[in-house]
């Protein structure tokens, strides 16, 4: 293996961290330098990530590539084991893409109270944590990256958030931490039950698929990791931190939170919970499916009741993640593929939605649907257009990215894995279907209230800029992505399918 | 019972009574004086147990120095003649705990050592032998204690001296 | 010839009396005296065991305990006098500026 | 670890002997204690008087007032035993006994020849120091229980002084012990068969004597009873027999410390010229007592702070130095 | 018996330094008394070098009562490093204001002498003396702010509870001596695992209880924790830092030796006690910490809660050697990492105490702006104390969890309790960064922090982060330095 292959993903992952340190040493008066550095480092990291994607051998997406497995903490048996496979790759690239776009966006939009330097440094730190989670193949390493996102996100929300930011920040922190410590217990349990003791995810998967863990243990351990992942996803009823965090977070924070952070939870299910603890996964799957179905319907209903644009989108996230979880719960290759697709699509779409809302807020200084009062199309045609486009993508219009994830998740639940109760899952499918309709309903209603109609008196005279160049730069890639994924879903499915099938093979069948 | 045991019992009884008076006395100086009695009786017990050197150390250090320090402390802080409330409000609890500890210990001790079985055959230890052991086997703790005493001395002076300014 | 438990009982009595004193007294010096009582109980134990085991360690140990006790009384009284100078009281329950 | 000889405790020893022996010994000690201080007291009367160019007592007992102290005693017995109303009766009454008894007990180990002694403890000098330190408690008791501020100040002064000078005293004794290689008083005496330790440790001797004076609260170290400042210190409220006890304590103390000093530094009962040992001992005690009295007539009283300073900054460092030197010599020679 | 002077060389150097400081203080002019600090520093450094020369095969001297093995060396290096730090941060604190500087350094060093003796003491007598040598100067320097009644009170409480607990501990030691006939830890271990009559065994167990109670005071475990917050608050801040780190670690060093060497055979008796102690300590520490407004008290309760975590591994001891090994390593690691974090936090407090002596948490407002370095440092310490990766504190907790899960049963339950506690603790640990970041300061004036103090804080931050990223740097020391036999 070449040195490039061994180190590429580490380079990409830690470049932002280096960037954060570099930025920390730039005097804070040099605003432009700071912003340039932010774009530079995220851009460089993205470039490396793209290079990885190009160098990726799509023919063998099931195996680990760019793998590096080296000594790290021998005393506790933790290794620095990173690698990338078909499941990770889309999420990995998405991470760098969104981070880069956020850095670009920050060129123009630094939320109150400024402090660009700290803002960008924290963003970069966050990026390392998120990216690392998707490549870690050692539970301890995974956990470290997982937790690494907490502190920067806490400050991003807490410092640059809106009115209720501190409450939201601490709530986010405590919820996720609470979940993750139980996850850690589960990890430790896996370590000790595996013979020989190991934190290596691949080895644990092998142990899990060969029935190396007792049933009782699996049930207990799954409960632990479930708590960790489910809170992060967030699954109903652990979702209550999410609307607060999203609503209060600055635009960039929301984008990253929705676009990537939530994926860490679902990714954890796919990567760790299911393959390592297959028996428990089967036992819990109906319950997960149930929660997912509830989430879909509940979120849709909640959205109908929202008056705050951002909060509405936050709740819609809960619903979308419900589809992802439903796909996972079916334990079928189609379902998991759908889930991964759904994650990527949600990352693009919801990220984009938050950008839009951020820009709307930037113009109107309000997010209340009633205050906006409609007429966005008239007042700011480009922004209104983009917003409408993304909202429609989000409700799952065929031909756009949102569609494939949802429809395939529903499809897979028509015919879940053999061990699962087909009838039950078909029930979930019906609920999901109802959810889709409701989703379409609330998005359209929202568009009607925001985009359509005439411009209210108070905004008529206001000189509001339409989409700026910076915004175009940071949005276009996402918009292209949304269309591209809608038209060519193979972009993702082609990558993931091999890996998913490999995983499902391990998983028991 | 042997003659030593009779002597012991007498000393122990006096010591016990004095100890009780010490913790119940209504006057601080009386308490200190009861402490002297207890200490002396304990010293007597050491003598009966043929630990002569320790016995006289007990008198020299405890009675001759520690109690004096106590009395000094009491008088410098204006120990009044007469009674004052020396006890706090937890006498009942304290009594319970004290009795509990006593009962527990007595039970454990009689459980561990049969009443008649281990009889101490006191051996007269020459001071020389004790000195040997102190300065050979225990020379390290000995030196450590000397540092402790020096620190206590210096520190106590620093704390208790009056600063010019105040 | 002395029965070992007899001596140990005496020590237990001294110890318990000390415990009572520590808990029941409010004057710092009296508390310290009660603690001295407990230390004496320790020494009685040590000497008794030393003679029962015919082992010198106990006696050496007792000497160390006495030395340390002396040091601590010195320290304690220095602190007590310091407090008295600042506060005019050495009752523990009145020395309560620090509260959680 | 046990290198001790299986043997018997002190008490075994006593119980093994006849009670009569004990009683006799006790009586002998007591009698000596009652007689010797009287002699010293009388000596003080006369010596001081002559040093101050006066006669001193001349009437009681006809011959140079030899019975003056007996008469004093009789007078004290007759006097009313007053206990102040505010005093703490028990402590007040016990104080003289507590002050006096240690000095009596102390004589148990003082040898007057290698056969005439009450007890030969192998830690004799240590016993002396231990017992001698108890006396302070009596003074403190007296001072506190009198409910008189002068008494209390006196007692505190006495205690502070006794603690301060206890150290040089013990240290000086310790260097003698080091040279002699034994704690036993007879052993120490016998160790001076070729020369007195005062020759090798003159500084130690001086320290010991000075510290003894302070221990006895004798002039020039008599701040605790400085009559011009605090009347009569701890003893202010005492009358009658109780007061007599304190006087007895003082003279007993002079005898006691003189005898210890003579044992430690002047070869104790060892003499020459064929004069019996006990007489040598008595002579040395007398001589040292004379010195103690002599100093009273010679030096004025120190101030309280000078007194403490003298001990901590002069005597103790000197005594430590002495120990160091003895230690070096001992190691170098041995 | 010949004495292995090399084995006690660090202690000899340290004692020499102590005497030099004492004498020098008497002869240097009052305005120059701060010179005692550099002298002490040099002595500690020399002693540290002497410790390093001892690395190698274990040495035993003084009839087996004193042993210099990896365990001892690890702790000695640790204590001397803490000494360096405490000395450095003390300089400015004690130069400002009317302090008995020379005496302070003298007493501090004496206390550290006790610390250094502690991990080598394999004998009850030595343990007792070391413990006293740690504590007694501590009593004195806790009351060093003489004119402040709060400091006096700090000293008095610390002293009374300290002496009481030594008395209780000594009583236990005397009983152990009576039952086993020895004071040597290894021989006690052998005696306890041999045949004892039932009655004697019970008595030994009671004695263990007494001894544990004594040490529980030293490490401020509930219910012996009352002194800690009061004392930390009242004492000069560097002294509080010392008490919360070195002094506490010394207690743990002693406890480790007692439990793992002398009393291991009785583990069935004492592990439940430690479990209860641990749970009570961490829970009460955390609960009360939630209500604190004063920073030193907050740190004090935090240190109590952390003591609970450190006690947890003791409760895991069992017949399984591997588990014991891991539990031992977990406890050791936790103690060491904890000390770095706490010392760092106190350093920041010292920097801040120069401008406000009351030191409420609200005094931290806007610190991130006024002193970014200190702000980042304090945030790191707080996050680390809460146990969030990628900081050293996480690895400390991780090892404890790991050992708990490995033990299974009770261990898992304890780990869960500890987890819940860690999460709850986050709330109050975040209070400080919250103040620093989110709250506007009254003044924008940059905080004037002495270079020494800043340097120490930066160093501690780096250490915490370095351990956090690459724990292996440090992780192999504790497992090597075990007292659990092969």
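Each chain gets a letter, A, B, C, D and E, in the order it is written, and its residues are counted from 1.
Throughout what follows, a residue touches a chain if its C-beta (ideal position, glycine included) is under 8 Å from a C-beta of that chain, and two chains touch if they have at least 3 such contacts.
Just so it is clear, the model here is predicted, and its values are computed rather than measured.
Contacts with subunit A and subunit D are shared by no chain at all.
Counted as hops between touching chains, the shortest connection from subunit A to subunit C is 2. Closest to the middle of the protein, by Cα centroid, lies chain E. Chain pair with the highest count of contacting C-beta pairs: B-C.
Chain centres computed from CA atoms place A at the largest separation from subunit D.
Distance from the subunit C centre to the subunit D centre is 31 Å, each centre being the mean of its Cα atoms. Measuring from the averaged C-alpha position of subunit C to that of subunit E gives a distance of 26 Å.
Subunit B has its Cα centroid 71 Å from the Cα centroid of subunit A. With centres taken as mean Cα positions, subunit E sits 50 Å from subunit D. In subunit B, the residues that reach two or more other chains under the touch definition are 4, 48-50, 53, 57, 65, 69, 72, 76, 105, 109, 113, 121-123, 125, 129, 133, 137-138, 141, 145, 148, 151-152, 155-156, 159. Looking at subunit D, one finds that residues 1-4 touch two or more other chains. Contacts from subunit B toward subunit D in the complex involve residues 3-4, 7, 27, 29-30, 33, 36, 47-50, 52-53, 56-57, 59-60, 63-65, 67-69, 71-72, 75-76, 79, 81, 121-127, 129, 132-133, 137. Contacts from subunit C toward subunit E in the complex involve residues 8, 15, 18, 22, 28, 31-32, 35, 38-39, 41-43, 45-46, 48-49, 52-53, 55, 57-58, 60-61, 64-65, 68, 71-72, 75-76, 78-80, 82-83, 86-87, 92, 95-98, 100.
Per the touch definition, subunit E reaches subunit A in the complex via residues 329, 379, 383, 388-390, 394, 398-399, 401-402, 405-406, 408, 412, 415-416, 419, 422-423, 426-427, 430, 434, 437-438, 470-472, 475-476, 479. Subunit E contributes residues 124-125, 128-129, 132, 136, 139-140, 143, 146-147, 149-150, 152-157, 159-160, 163-164, 166-168, 170-171, 173-175, 177-178, 181-183, 229-230, 233-234, 288, 291-292, 297 to its touches with subunit C in the complex. Contacts from subunit D toward subunit B in the complex involve residues 1-12, 15, 86-88, 90-91, 121-123, 126-127, 129-134, 136-137, 140-141, 143-145, 147, 152, 155-156, 159-160, 162-163, 166, 183.
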